[in-house]
Every structure is written in C-alpha cells, then in structure tokens.
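Each in structure tokens, the structures are laid out below.
Below are two complexes that have subunit A in common, paired first with subunit B and then with subunit C.
Moving on to the complex of A and B:
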C-alpha cells in the first residue's frame, strides 16, 4: 500500500508531493533504523509522523535535512530525485527543521540569534524588521530586542520557528516540538502551524510520540514501528485506540500507557480507576516553607515556595519548564542552599546546601539530569550503587570490592538492569538502564521521601511504564513521593494531588479526582 | 530489531564466540599498546641520538654514559634511588590532587617552602637528633601543605583557578627563599660557616641528617624506604579506601559527590593540602637526605625535582604503582647526567633525552584515547 494510493482512497485533495521518501533504508551496524520507508509530504498539509522512541522517525527526518545519508532508496523534492548531503544543501532546497532541543545563544537578543549564520554585512535594522514581519504574519508575537535567557520555553521556540521561517522554506519539519511547552503554548504553536500551512501552502512534518497532539494538529498520519511504516491514514476519523495499537503493535490498556502517548484522560474513568487520595493526616514527611533562592545573576529562582508531602501520596508538581523546578530539585539534592525558608523531613529541619544532608535525612532523588547529579559515568554500576554509603561495603575504611559487586549484582537482578555485570562502566548502559541504577540505589536506602524530577524524560514506553509502576509502588509502601514534571499527562496519570509551580512559587493545587485541566493550564500559564 | 527471536535462540553460542573474540582482542590490544610504547620510545631515543650527532658528539658514548651513571657503575643505584625518592613523593601528591579533579602545577614551590621550613627548624631546634629530624620533616610537610592549601582555599572560596595560583605561588616561594637566604635571622648561615659564599643556609648537624644505609654496595638515605612505604599507603588509600572512593567521585562528578555527602570544599582543600604536604616532605628529605648538595639550602635548591615529579605523575597517568617505575626512570636520567661530562657533551643533553622520553610516553595514551573515543562513537551511533 503506497501512501499515494492510500490518500487517494482517504479522499484528501491531491497535490504533487513537496518531499517524498521512496523506499528509503538506513542501517546502523545490525540495527535497521529505517526499512524501505515510503512517505510523502504535501504542500498545504501537516503530516504527523508517529512512533515510539527508536521507531526511526528522527532518523528519517535527519535524512531529509542532510544530517544522515540513506543507505538505500532516495528522496524526491518536488518530484526530482535529489541527494541531500548536508543541512546547507537542505536549506538551499527549502527544507528547514525545528529541533527538539533549542540551539539559541542565551545572552544574545532575539534578532541576533536570528541573524546567526548569516554571512556578509550585518544589517540589524533589516533583520529586526524581518523578525517583526514574520511575527506579525504568523501571529508569533515577540520582541526582537529581548534577550533569550529572559524568555520562556514557548517564546524560545518561537525564536527557533522564526529562524526557520525567515529563509522562507517550502518544507518544515518539527521534531517533538511540544516536549517543553505548556498545554496553552502547544495549542498556540499548532494554531501558528495551521496558519503557515493554510496561508503559505507549506508542507509540514510533525514528528511526535504524543498521539493526542498529532490527532489534533495533523491532516494525515504515518505511523512507524521498528523502522517500518506500519500504517498511513488521514487524520479525520481515526481514533486514538487504533493508532496506539499500531504504534506499539498491541492493545494499549493501561492509563499510564495512555499517558506515555500524551493522551489526557481527564474523565478519570480509564481502564484503571483513579486511586482514592490518601487521607492527609498527621505530620507531612516533607514540608518546605517559604523557600527562596536567588541565582548568581540576581534572578529569583524560588520565591517563597511552600509545599507538603504526606507519607503514601504522590504529589505532582506541574508547571512549564523554567519556573523553578530545577532549583527545587537542586535544593532537595543538597546542591543549593536556601536564602530563606526551611526544609523539614518528618518534622526535623534539614540543613540546606550541606553535602549529603538531604540524602542523610531520607530524601531519595531521581534527578532531572542523571548525568549531572545522579551518577558518575566513569564509575562502575556497583560503584554507582554505593555512591552515597560506601561504608556499607567497607570495613575499617577499606572497601570490600567483592562484597560491593555481590550486593550490586543482587540489585541488578532485582531491578532488571540490563548491563554487563556489576563491573560494567556506567557509560556503557542505555539511558533507561542508567535510570534504573539510580532508582535501585535511591530505593535501596529505605527513603522517607522520593523526589522524581522529570523521571521519564527521554525514556521509551517500556521504561516509562516501569518507572511509573516503581513510583506507585514506593508510594504504596508509605514513601512520600514528589513528582516534578513538565509532562502534564505524566502528572495526571500518577499524582494523587497536583500543585502548580510558576515563577518559583506554588500558585495553586487540586486533588487528582477533582482536576480541572483548563484551570491547571491557566495556573501553569502564570494566571493567578 | 526484527531478529529478536532469532537472537535469543542463538544467544549461548554467540556469547561464547563473542567472549572468545574478546579474549583474543584483549591480547591483541595489550600487544598493540606495548608495541606503540616501544615505537614511541625508540623514536624519541633516535631523535635524541640525531641531536647529539648533529652537535658533534657521539651518541653511543652519551647513552653509555647515562646508563653507567644511573645504574651500571658500582654504587650508582644508591644515588639514583636517593634522587628518585623525592620525585616519587612529589608525584604521589600530584596523584592525590589529580584524583580530586584538581590541577596542581606548583610542586616546585611547595617543595621549596617545605625545605625552608625544615631547614629553619632543624638548625635551631635543640635536642636528640632523631627527634629534631622528625620535627623538621613534619615542619617541611606543613610548609608544603600551607603553600598548596592557600591555592586550594582560593579555589573554593574565591573561585581562583588553582592552575594559575599554584604556579604563581611557586614563583613567590622561590623568591621568598632567595630573600630568606639573605637574612641571617631567617635562613642565611652565620658568616663563619659560609666560607665567603652568600645565600647558603647553615648545614644540618650530622646527627640531624637522615641516616644512610648501604645495601649491596649502594648507599642511600632511609627516606627511600619511607617513600616506598608512603607509595603503598597512597595506593591503598586511593584505590581501596572509602576516602579514595569519595575523592574519585569528587573528581569525576562534583555534583553527584555533593549530593552523596562529599563536601567539595573539605575534600578538595584536603586533597590540595595532602598534595602540598608530599611536595614539602620531598623538600625536607632533599635537604636532610644528602643526595642534593651539602645538607644546606642554596639558591635554586629545588633543582626542578618538583617539575620532574609533576611530569612523572602525568606520565604514569595517576596510577600509583606505575609511578614507582616512572620516578625511578626520571631518577636515572638525572644521575646519568653526572657521567656525561667525560663524553664532552653538555649535560643538558640529558634534559633533551628526558623531554623526548616524556613526550614519547605521553603520546601512546593520547593515541589510544582518540582511538577509543572513535570506537565508542561508532558504537553509540550504531545504537541510534
């Protein structure tokens, strides 16, 4: 079934494809990333490319913008077979990509970032004017003279989009564009995309693993699994369940799987019922009052933040990236002292910013960036497990390697960590397994509080499921869980109580069983 | 990905094949590494030989002289050991700060400070010789530790890069010693003992010197044995103890270390103090050991031993046991120079040989690193 034949069957208007993959294959060693893929991007349409992590969608798009060369098959632009050897070549052909991770220079202004990569004489006035024109034309409101570090993630993405649009490309690729956006910002982005497509007749590819957003934003959908195109259909009339099944190759029943695909299930009557909230009685296991932190550059990172976590409940901290989540995680990792306020665990005040104090008080943490503060990549798996308490495998100050590796092997088995034994270096593990090592270590200390900061970022569905069930199990065992996440779906899936962080303070909250998505979105957007 | 089922069926067999291949390649890799080092050393010696020949000397004579002077002639082992001991001590300290992720390149200055402290105390303190000697050595340790500790404190309290501060403090130390050697109330020897020479300190009393022993016709100070014991001690602490584990953690990932209870300041400054202490002790034993001058301080007393130790640590790439050999090799280069004069070639030739040798020993790790990186990169891109 070729895409062309199929979309005729689907009744979408016919137009010559702006870009077309013909039987494109790419292998990396023994792994087939793309296996005879056929896919066409048409002018005036948004083409959703759906798939799990590792399904081959990013590889495919990288071939389109010349970062990777196909092994087999070819790419056609406006019907002409072409060889795209590098991104410059791709730009010449009118292909541009908005990457998942921003590539902006933070101390520079918006227009300066837009001008980066230009050659010849710099004409600030002209570039400013152009930025103004584009932002007006597409409704991407922005001040060309703002500095990047003052901007929210959503605004930064606008800058990225303007960077792309300025060269007036025919074909636009968006790679996981909403991963750092709030729901409102996502909607805004899709509205802008719609304008780009309808007014300018551009061809857009929207790469995502979130079903819900692809369904709401696209005209047609291609689903990839294990490097192959497994389904192609017009968006109108497709239902999430069928698409989800095609994506993973089996039925998707669990709520947390829905969450992994970004399907917001706010009715609360999914396959698994929403857990009744734990009665909040007695003393909270974790209480933060009036926490304030000011950064080195004088910016207020936390501004009188208050929160409480009780034993056995999962409290989800929702919010748009960059509103103090990272600082909150740092404070609870002893990486950053408080300028004012206090942190109490089980009623006892804990010194902030003092090495090991938080861990010693019983706060386990799965950090936002595990390479940054969660593990030592050059250490072995066993060493990483005993990072915080080497004394456990030491006698009179000398470490017993055999004992350490033995105990680590048990944990490796218990947590199903795929690695070359306890002595394998940490860097040799995949991201999901590194995360399991961190989890195994933190849970093996019998913590009172478990802080999970963006625990599933960058993980695939299987790993997300595992992480979610572990968090749930920890809460069931009486640990107070604080889940800090920018993925609202994840929080809705797991949390018993949701609080919203904005500009370094908690601006509101609600119980999971009384959740109001619209109101949450408003709070996340900063409305009081 | 589609061959998952197949893979499971063939797994045991594949595993055996893979491990056999791994065994083979491990031997292959070891051979490769040895060959690489051999080639590099050979090239370095050849270049040095060409240099000697080009300046009108005989390279055969030069290499013979270096070998004779360092190990072949009777009694030279003892001298070489005596010279190697302070190099080893300095290098041990360098490994300590290296493990904590800090760079100390001011060992020469810390060594000088150590020798000054030791000298000041040793010539003034009365009492039984061994006690004075031990106290003087302890003062040497303190002197070196203070000098490195200042750099450490500046690093952690004021964000001053320790690379710069250690190096510059080294210059300050040299000049301080020069100044002290002009002040009778500090280091300068009383006029009577100076024999018209300026800028020397009072020689140590014969009973406050480090005892020398003679083994197999080779005489050396017992500080050599102390250095060996310390070497084993450092190895145990760094590679086997909880403290060493935490120090490595700090060096590899300070944030993880901080969260896991390794206070950056305490461990970091501690590492600098220990590093300086070793350099200070090296200065002390140079003064009291007898292989470096006449048990007294002179201008330029450090004689580049601090830098030699730093280089030795670099060449050994922070592996304590390897240090033993590298430090001895560096000792050989120094004592070998003593016999060069007879060949009519300038003693500086051995510096050239040493420099080229260091380069040749540093190149293979760099080459291996780049290749490992490439392999790792190709392996990760396979995973995409």
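Moving on to the complex of A and C:
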C-alpha cells in the first residue's frame, strides 16, 4: 500500500525527494548529535523518525528549519543543495515545523500568532479569513479571536498547525506532537495529518520516541541512535520488537522498557505482580483536601483538588500536560501557597508556600524541571546533594567540606552516579546522572512521601529503568510515592493506583489491577 | 496643618500650577511613550535619562549656533538616537547586561554634559506661547493644555501615532511578540534582537525630542540638572500604567501634577512647609504608587530578559 515499498524495491524511478539530508553531521562540543545522517522525505508520505531522547532527531530537524547549521554534509530541497540559515529562509523554501513546545505567544490572539513571521501590511480581516479557510479545509475548528492562554493544549496545537499550513508548505515537520495531547486529541491529529498528506501531497516528517504512534501513523520509518541512522524500513510489516531493538541497540525485554516506548503491554506476562494496596486502612501519609490555587493572571490552576497517598503505595497522577500537574508539584515543594484547602503529612497539617515547610514535614520531591528547580548546574555534585540541608555537614555555620565530600562520595557509590567524584561540577553529568543526584539527595533525608514529577522526561531507556526501579524500591521501603506524569504508559507500569487530573482537579481513579484504558483516556480528555 | 489645606485649595485653583504640571507631564510623556514601546519589546531602558539629557543639551547647542528651534529639536533627536545606539547594540547585540549599560550611560552622559556645559555655556532660546482659540477657553485645563509654548503641541499627534504603531501595525505586533516570548518569536521567523534594537532607537528619538522640548518649554537656559531624574520617573510611569498607553499617559499626568503642585506651594507664599519635604514628595508618591499598582498588572513576559539563541 505504501509507495515506500516501491522505493525500497527500486520500483518506479521516484522524483527527487522533497527534502533530503546528505551525510549531515553536527557536533556540540565533544558530543556528536548527528553523525553522517542520510534521510529523505518524499511527497505524499509520512516519514516516522524514531529514536530515544538524545538520539539526534530534534537536532536533525532543527537543521532543516534553519535553527541550527550543519557542520558537515548538506541538505537538498527538491534535489537542489541549499543552505538554510534561519527559519525565514526555511519558510521561503516551503518548510514548516510544528514544534514540541509550541511556538505560540500566549497573550496574543490566534490570528495574531498566525500573522507572526509574515511580511507586508498587517491585514487582520484577511488573516482571519485565511484561518477560517484552513480550519474548514482540514477540520481544525478554531476561533481566530481567542487568546492562546485560554486554549487547551489540543487547541493550541491546531493553531500551530494552521500557522504552518497558511503558507502552503511542501514539507511539514512534527516534533513529538503528542507529548501534550490526550489520546483522543492524538487520534484527531493523525487523522488531520493523513488528510494533509493525501489531499495535498505534502511531505511529512513525524519525529517521535513513541514506537506505537509512529507505527500507526507513518508510511516509512527511520531509526536513529546516538546520532546515527541505524535502520530504515517501510512501516507496513514492521514489528515493534524489531524497531525497539534497533532503537536501543539490544533486546528489549522488560515491561517498563516497553512503557518507555509508548507501548502499553497489558498482557500481564512478565509484569511485576500488581501490589495489593498495603495500608489503605488507617492514616494516609499524604492527604490533600480541597486544594485551590489561582494564578496571578486570575486563571484557576488548582480547583479543589483532593488526593491521598498511603505508605508503601505508588499513586500515579495521570493527565494531559497543563492541567495543574506543575502547580501540584509547586505546592508540594513549598513554592506556591494554597488559596484554600490543606495539606497533611501523617495527619499533621503543613503550612503551604513557606520555604522548607514541606521538606521539613518529610516530603521529598523530584521536580519536573531539574535544571530549573532540581539542581544548581554550576555547583559541585556534593554541594548539590547538601544544598537543601547544609546543617548536616556544618558546625556553627561553617561548612566541613571534607565531611561533605566524604558523605557525597558514599551516596555517589550507593546510587551508582557516573561522575568525576564529589567535586565534579553538576553540568558535567549526563541528564540521567543529574537526576540520580537529585534522587540521592531527596532519599537521603528518609522522607515519608516522595513526589516524582515527570521523573523520566528527557532520559534514555537505561536511566528510565533505573529511575523506575528506585521509585518501586522507595515504595517497598514504606515511602508513599506520588508519581505525576503525562506519560500514561509510565504510570500504568509503576502505579498501584491511578488517579486522573483534569482542569486542576482529580476527576477519577482506579486500581492498577482493574484498569480500563479507554475510560482513563476519556477522563484525561476531560470527561467526568 | 490648616495652613496646608489652604495651600492645597489655592493650588487647585491656580492656572500656572496646571500649566506647569502639563509642561512636566509632556516631557515625561515624550520619554514614556518611547519607553513603553521598548518595554513592550522586552527592554527596561534605564538610559532614558541619558537620552533626555543628551537631547536637551544638543538642542541648546543647536539653537545657539543656528538660532532655529526646529534645528535644535532635530539635534535633540540625533543626540537621543546616539545614546540609544550605544544602549541597543551593547545590550541586544553583544549582549551586555541592559541595566549596567543603562546606568553607565546615565553617569557618562551626565558627566560629559556637565563638563561641556561649563566650558561651552550654550545660550538657548525661549519659545513663545501660542494660544489655540476656543480650546484654551475653559478655566484651568484650557490654558494648561492649549495656551502653551508651541513645541508642547508636538505631543498631541504623537500619542495616537504611538498607539497605532503598537496595536495596528505588523511591526507593533512583532514588538509585542518578542517582548512576550522571544523563543516562540524566533522560531516564528522574527529577528528578536533586531526588533528590540529598533524599539530602543525609537525610544532614543522620542526621549531626545522630549529633552529638547523641555529645554525650550521650561528653561530657556541649559543646566545639567534640567532633566534631574525625570527619565526614571518616566520609566515609573510606564510601570504605573501597567504597560498600556492610556495608563502611561495617566501616570505622566499624575506625576506631573504632583511635582508641579508641590513646587507651586512656596511661590504662593506658604512658607510653613519644609522645602526638603516638598523636594522629596514626588518621589515618595512615585514609590507609593508603584507599590500599590505595580503588582496588579501583567508585565511583558520576557521583560528585562536578554535573548540569546539556544539559551533558555
């Protein structure tokens, strides 16, 4: 069914690809992000570009869009070698990209965002009309006068797509397009994508680390690993196991590894036996009741959220990004006070919004953005470990550096952190090892509750596996674990109990052993 | 204290108090309208003070040499632009910290102007008042707005022009976008730092013009204390006004009224109030106003944050 098969079999001579990478390389310092990559995007096809985080997919696409210049090799558009120096140049050549993190300016309206990057006189009426035309043609309904910050992630992505399509590009790049979408929104997106490809003959690159969605949406697949192309094949007839092996470079057996690829393995084979809730009876270690937070701009961020975590269980908070997860994490790390409601740890109420109160009460946190609030990149590993509680290695206000580095070295060993010793600067560590430092610090306080917000975002499979087993081990040691994640697969893999957050409140929940994925999806989409 | 209320009553009905208030409000407005655009694009342009002072000084030199107020005003714009060129290219090309650059420029220009003034001693010109028929008829506000030196009237067409520029042109849309989210603007194909530099150039032109205007409308004779911190007050007016043009106008008029009223008290013969209190009053009111208003409004998302590609 796919023209990709013909192409591989040397069938009809194809017209030159819409876009082609020829031996393209890019280095950042010592890191080789792309290593002599060859890849072709053809008209009328969706080309899945698959790889783990850090495999070089995004770097590659940024070169196509002109945000990064290649060090070596070149790019051809319709067979012509070109040099793409900035996004304006890329747009002129008919290349458009739907970004992983949206390129929308939130306080502006839909039509204003669509107009950004155009030239000539500003004609609001004409732009509104154009938005209407495109949204009708592709079934992407939207009001051009809505402000972006009032829109859900799915709607924002529609704006993003309209913004790309308005100049009628030949080549469309989607970078991890489903990371902020609910399952229903993802399906909608791929249906729209299929229309764009079939009706208009556009060339589409779909960049993703989720095997399942690439298999279901693409015509051909290129797999990247460590900056190299390791496999290319038509999608038809590919099986997940082979693709997963190519992505990681070894056999993938563990259930949680499947989870990391976005494959929901519900067969139960090889799965860790689902833990029966240990201490549902009695006091929960963490109880949040009626938590409400309103942002400075008047938006409701948390709207009467209730949840409980018992000792020894992992509670997974599932939900589409932007539904209050970040605020929940901020409340539990004392960054943000509650307007109403209360937080109790072990039955004792904890003051919200007071620096250190949550940590003092026994809540450990692995924050959503480890660079932003998890660690200080310019400090050493040891300093990062003791930054939250320097009293442990200080006397009368003086730091005992020998003791600090000594204790840090023990933790480095215990948590298997790969670094140049306790004095190595934090920035010299890989993302996975930085995350281990955060984990070591938080667990070394003997917490009662461990909050893990998107703990595996941006990590490779090995690091994800490590993080998952650590969370499991913490729960087995009697810590109540609250896992906040937008990756449903991750939650299904780890959690004993799953609750769903939508619009700042918990809309439902179920035990892992009684899970109904369709129903979960509905709840995540906002259905009560 | 009875004395004080008498004074307030007399000032509130004093034509020249209103006239002075508007003269000061307008110099703030020239600067603040430029500053507003710069802040919309993400720069807090501290060197506003230097731009105004350089403008006033150059206007004095220009009019001393050519005896033409118009040429004086052109000189003022050029001088403001030159200060802006330094600020813009240092902070949005190199990039150096915008505050450090701004503070250094303020100190540098003040020193330079002080030195040059003492060695050149420029003579200036006073611009005559032009009375606009009918409009200047109503008491108090009539003469304050429409019986003034003609250079003041330049601000009237400027205000709608600035509004149109920010809210109705593509350039204005792009300016607002880069001030809110430079990364999103960059991937949308806008030249973030180029746009930011352009807004600072425009601020330089307007603030310089404001300095020249103030020389002709107020002083007639150049002193290096002429601007005397009004650049900072104009920045405060923009923040006070919640980054809207309407709000900035309200801020300039408020600060103008306070400053003028306070200074009018002694000239009306009230000696009981400590002059030291009078001198600090406008600044106290500014601080109080900022404390009350500044937290309520949303500032441009990327205000005072430099944009460097690839850095978040």
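In this section, the second predicted complex is superposed on the first by the 473 of 528 C-alpha atoms of A that agree within 3 Å, B and C clash if a C-alpha of one lies under 4 Å from a C-alpha of the other, contacts with A are read in each partner's own complex, and residues count from 1 in each chain.
We adopt the following convention: contacts are C-beta pairs under 8 Å (C-beta built on N, C-alpha and C of every residue); 3 or more make two chains touch, one makes a residue touch a chain.
Since we're looking at a predicted model, the values are computed, not measured.
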Next on the checklist: Quick check on the subunit A-based superposition: subunit B and subunit C, clash or fit?
Outcome noted: fit
Checklist entry - Using only C-alpha centres after the superposition, what angle do subunit B and subunit C make about subunit A, to the nearest 10 degrees? => result 40
Next on the checklist: In the overlaid three-chain picture, which partner chain does A:518 touch, first (subunit B) or second (subunit C), both, or neither?
Outcome noted: neither
Next on the checklist: Quick check on the superposed pair: does A:339 touch subunit B, subunit C, both, or neither? Answer first, second, both or neither.
Outcome noted: neither
Item to check | Touched partner set for A:115, first subunit B, second subunit C, both or neither | outcome: second
Next on the checklist: Looking at A:355 after the superposition, I want to know if it touches subunit B, subunit C, both of them or none. Which is it: first, second, both, neither?
Outcome noted: first
Checklist entry - Does subunit B (first) or subunit C (second) touch A:85, or do both, or does neither? => result neither
Checklist entry - Where does A:226 make contact in the superposed view: on subunit B (first), on subunit C (second), on both, or on neither? => result first
Next on the checklist: So in the superposed three-chain picture, is A:387 touching just subunit B, just subunit C, both, or none of them (first/second/both/neither)?
Outcome noted: first
Checklist outcome for this item: In whole Å, subunit B and subunit C in the superposition are separated at their closest C-alpha atoms by 5
Checklist outcome for this item: Contacts of subunit A common to subunit B and subunit C in the A-superposed view none
Checklist outcome for this item: Residue positions on subunit A within touch of subunit B in the complex are 28-33, 59, 226-227, 333-335, 354-360, 365, 367, 372-379, 383, 387-388, 390-391, 394, 397-399, 430
Next on the checklist: Give the list of subunit B residues in touch with subunit A in this complex.
Outcome noted: 1-2, 236, 240-243, 245-246, 248-249, 252-253, 255-264, 266, 381-384
Next on the checklist: Can you tell me which positions in subunit A touch subunit C when the two form their complex?
Outcome noted: 65, 67, 86-88, 91, 97, 99, 102-108, 112-113, 115-122, 163, 296-297
Item to check | subunit A-touching residues of subunit C, taken from the complex the two chains share | outcome: 168-170, 173-174, 176-177, 180-181, 183-190, 298, 301, 309
